[in-house]
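Both complexes shown next keep chain A, but they swap its partner, so chain B is in the first and chain C is in the second.
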Partner chain A sequence: MGAEKRRRFRPDPRTWLLFCLLGIAAILVIRSEIGCLCLFLACLLIHLLAGNGGKILPYGLYYLIFYGIGWLGVGLMDSGVAFSVSSMLSSIGIVSRKVLVPLSFAVCLAGEPTGSLMAALQNLHLPKAAGIGTAVVLRFFPTIAGEYRAIRSSQRFRGIGVGVLHTLTHLPATAEYILIPLILRTTKVAEELSASMTVRGVRFSGETASYRSIRFCWKDAALLVLLLAVSWTALFLERSGVL
Partner chain B sequence: MKQSKFLSLKEFVIVLLLACVETAIGLVVTMPFAANLQLVYFLAPGLAGLINGIIYVLIIRKCPKIGTQFLIPAIYGLYFLFAGSVYVFIFFMILAVVNELIMLGGGYGSKIRSAVPHALTWMLNAMGSTLTMLLFRDSLVESYVAMGMDAASADAAIASLEGFWLAPQNIAIALVAAAALSIAGYALGMKMLDKHFKPAGIV
Partner chain C sequence: MIELKNISFTYENSREGDGQLRHVDLQVERGELVILAGRSGCGKTTLTRVLNGLCSQFYPGELTGSYLLDGQDALKMPVHQLGTMVGSVFQDPRSQFFTTNTTDEIVLGMENIPLERSVMQQRVKAVYSQMNIQRLLDRRIFPLSSGEKQLVAIASVCTMEPKIILMDEPSANLDSDAMVRLGALLYRLKEAGRTILLSEHRFHYVCDSFDRLVFMENGEISSIYSRSEALSLTEAQLTAMGLRPFQSPAFQVGGAFLPKPEDTLQVSQISCVLDGRQILEDVTFSAQSGRILAIAGPNGAGKSTLCRTVTGLCRSMGTVQINGEYLKRKRRTKQSFFVQQDADYQLYAPTVADEFLIGKRASQELRQAALARLHEMGLEPFADRHPASLSGGQKQRLLLALAAESGRDLLVFDEPTSGLDGYNMRLTVKLLRQLASTGKCLLLITHDMDLIAQAADCVLYLEQGKTCYHRNVLRDK
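So, the complex of A and B:
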């Protein structure tokens, strides 16, 4: 079991970072629907090969939902119904589908252990502040969601923001009662986090070694080549008028 | 002990996390209006500026140092980078530098000067949607066609969209609304500072 776990391939954090950047570049230059679909399928294949097979179904569903929203928006726009609504629906559907590609890689980058992430960014010779910033930002968004849920449930217990009508009729007060604890909690988390970082020696300016080993191997390179090849092929076919 | 002009690790993390909360609020506020063009353009950025004014005031009161003004738009710009709008990200990075320059030389001591970077950030946010739409123009036409619209109708639909996003009067309304609501947010933040944060011992 232990040996199997050791053998299992886990991409290097730098690979996820490069995937993110490559994904952003690809969605900017690839414009056709089929080209974007190829890119998305390549993204799913990469997740499958990287051992994230469980993510394929939800991402596929998101893609279909956003396709449906886009299709509905375009259909309404074509029949001249409520232009302001239909145009926004179509934009949400089209842009969100594109964003799924880099976002899915960013989620994997955020899932990397903080130590590995810091070591990988240090190996890229990025300033320490950039490493700390990236690690904190990627990790903090799920924390905000958790804190928000905890505050909401405690406010509901006190009868604040119970139901849509109550929330809308007392909107400023509800916003204040949710926002202020969220901000206070965030400053507390920030203070605890900086204390924890100091204890772990983040401020140490000398040479540091990571507890977790990070290694950019041929499998990482192969996955990057796969995404690059799909992007270039889609772009080439698009420019030559095939797609 | 002489205090540094630059952010310490603790202050850096505080600004970073509160800037993340600002970004999350900016996105959450836009969601209910996402299906309406006018509301997204004229109301959502200002409303985000209004609510985020509270966080902004806390940030600048807690960490009035070099680096604070850079981080706030930079974190918000990162969201646009991940959304595929590299140009909007670059605009936010430029704004980040401009905001730092505005606050140099005792900017944190002035209540009026401190409000300017906040207003500028949310004004750029109002224009960010316009730029995103412009950058994806060709892509939108192709997607409309692929989804069953004929090329002429798709082009006409995009032209109507451009007519809305680029009309000078609409740009003016969006900028004025964002600036006015952001400044109101800043004033609200000053009020909340005395009402909640000072008694809680946060500042």
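So, the complex of A and C:
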């Protein structure tokens, strides 16, 4: 039929990359509790507008949990518990809920198809090596996780590291039995992956074309302006002594 | 098209005779489909690596002789340039992916040629349709089954439209239908003038289209057979050469399998959802001690998930009884032994003999029992070797020995003959039958029709997570 379906808005990978960088800068300069909360709420709003509404509840829960850990740490400081424990807890609470902002954007960036990511980096005129490196990292984390899971599940049938107590009482042997096959497998995967990339012409120099078209539209710009405005306002109010 | 003259290759730091090529002379014409056959370790993979430039540009070593490709000296071409003329599909589909998305992987080679976006779109569409893999469009690669990954790897090479296509055991993880489709695709590519070299152990699917069979032994081409000569090789000759038969095995399934209350394994109404997808739906079956049940079905049908569920590795709905007792997940793991597809992450000890002592208190009796088991499996000479130094077939036999020595009643094997030559496949069949005869209940997840024909007593066929049938194997007497 004539009418085309309106496609759901999906931010450009470059937008996620800029969100990440902006988020890192913001959490470094904004120090007040209220300022950080405003930043986090802006982050949730961006996820909602970007069609990631399902992520709001888990991120909100993480924030509350880390807030609780920080609060517990501060409370323990007053009750005379060892300073190292209380300061560790409060630091974990504060740092983790700040890191949630850029991390939530990084998760979205990592979820982009590799082709879109490479096209985005290419459009940003970054060296091809940066794109290849990013793609390999994105490829390798799930690989190592998958290999680790496969090793652990195989070990259950051999009576290795069955249960927490068994693992702790045989920690050196269990670590050895995990590390050796993991290293062997990842080395093999790395070698075969390099060979496969080489024969398909992937190299650090040389021209490439992108299969996926990416587009930075006004909605991307509006979301960036939103995060920038919230960060700048929070920083301004903080420096003015209001927050 | 391809002219190899006196090609020899020795890997750097390799042991004498290990994966080397010696004085290989071979000419392949445009549009030919040539099968490279021979026992594991005979040099087939090394020959394909010389052809695509990986030896010696990626894998260091000493390469001598001459290699002309379309009249040009291929030994002087950089490997990425050679890659646009010679497309390669590697043996292990799990380790050849650069991207995390199927479509990105399929277009990767074209992006690096580089081609126009419209051309890429046309080729992707055509290849998806030819291979009937529309369901794999724009999917995440990691959750795919090995067979589905293999199809993506093949599609990735086909879209590049290279003059020459090298495939290293492309059928190792494919189901029967996918294998037939691959056979048809290779035929079409051959008709379109592509030259195809296929390093393979299973020949059924190219039986009607191959032109020559190159038989390799110890790094040398020992004989080259024309199609008619190859097809006239007798079963005894093929067995002596360590090859599998050309024709599909003669067996049928028939007669409903009747479950009995005393069956060792009774699985009832298993359903499983992973990553929001229903993988298994209401699967019910049983298996008896002393018999071998093959679990077959298309790629992605849920065979591995079913066995992971039965052995307690995966959460699911439904019940599992072993020896008449309903068991929770952890106890199922303790009462079964699951040999997964890749041997590399299932061997941990510094020596082959020590593998038998893992998780147990070492004693002289245990060591004697281990050596006896290794002797039975033909692995005694390797008792003091590191398990990683064994060949694929030897690792598989070692895992069989470990399964036998575990003392568990339920033994599960995921593709135990994947990538094995005829000799090792027959040996594995013999050992599996021996294990079953000791009263063990064996489940085999497999696409290998030769294995089902020779080893299985009954077949459970799954399709889209549901039981299609559970029948006995009827063999020609």
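Keep this in mind: the second predicted complex is superposed on the first by the 223 of 243 C-alpha atoms of A that agree within 3 Å, B and C clash if a C-alpha of one lies under 4 Å from a C-alpha of the other, contacts with A are read in each partner's own complex, and residues count from 1 in each chain.
Here is the rule we use: a contact is a pair of C-beta atoms (placed from the backbone, for glycine too) under 8 Å apart; a residue touches a chain by one contact, two chains touch by 3 or more.
Note that this is a predicted model, so its numbers are computed, not measured.
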Touched partner set for A:V136, first chain B, second chain C, both or neither: both
Which of chain B and chain C A:L124 touches, first, second, both or neither: neither
Which superposed partner A:A150 touches (first chain B, second chain C, both, neither): second
Which superposed partner A:V189 touches (first chain B, second chain C, both, neither): both
Which of chain B and chain C A:A175 touches, first, second, both or neither: first
First (chain B), second (chain C), both or neither touched by A:G159: second
Partner chain in contact with A:I92 - chain B first, chain C second, else both or neither: first
Contacts of A:R203 with chain B and chain C, given as first, second, both or neither: both
Shared chain A surface residues [contacts with chain B and with chain C]: 136, 176, 180, 182, 184, 189, 193-195, 197-198, 202-203
Residue ranges of chain A in contact with chain C within the complex: 113-115, 135-136, 138-139, 142, 146-147, 150-151, 153-160, 176-177, 180-182, 184-185, 188-189, 192-203, 206-213
Residues on chain B engaged by chain A in the complex (per definition of touch): 9-10, 12-14, 16-18, 20-21, 24-25, 34-38, 40, 51, 54-55, 58, 62, 71, 75, 78, 81-84, 86, 132-133, 135-136, 138-140, 142-144, 146-149, 153, 157, 160-161, 192, 196-197, 200, 202
Partner chain B, residues of chain A touching it in the complex: 20, 24, 27-28, 31-34, 70-71, 74-75, 77-78, 83-85, 87-92, 94-95, 98-99, 102-103, 106, 129, 132-133, 136-137, 140-141, 144, 175-176, 179-180, 182-184, 186-187, 189-191, 193-195, 197-198, 202-203
Of chain C, residues touching chain A in the complex: 52-54, 57-59, 79-80, 82-84, 86-88, 90, 92, 94-101, 103-104, 107-117, 120-121, 124, 138, 142, 156, 160, 308, 311, 313, 333, 336-338, 340, 342, 344-348, 358-360, 388, 402, 406
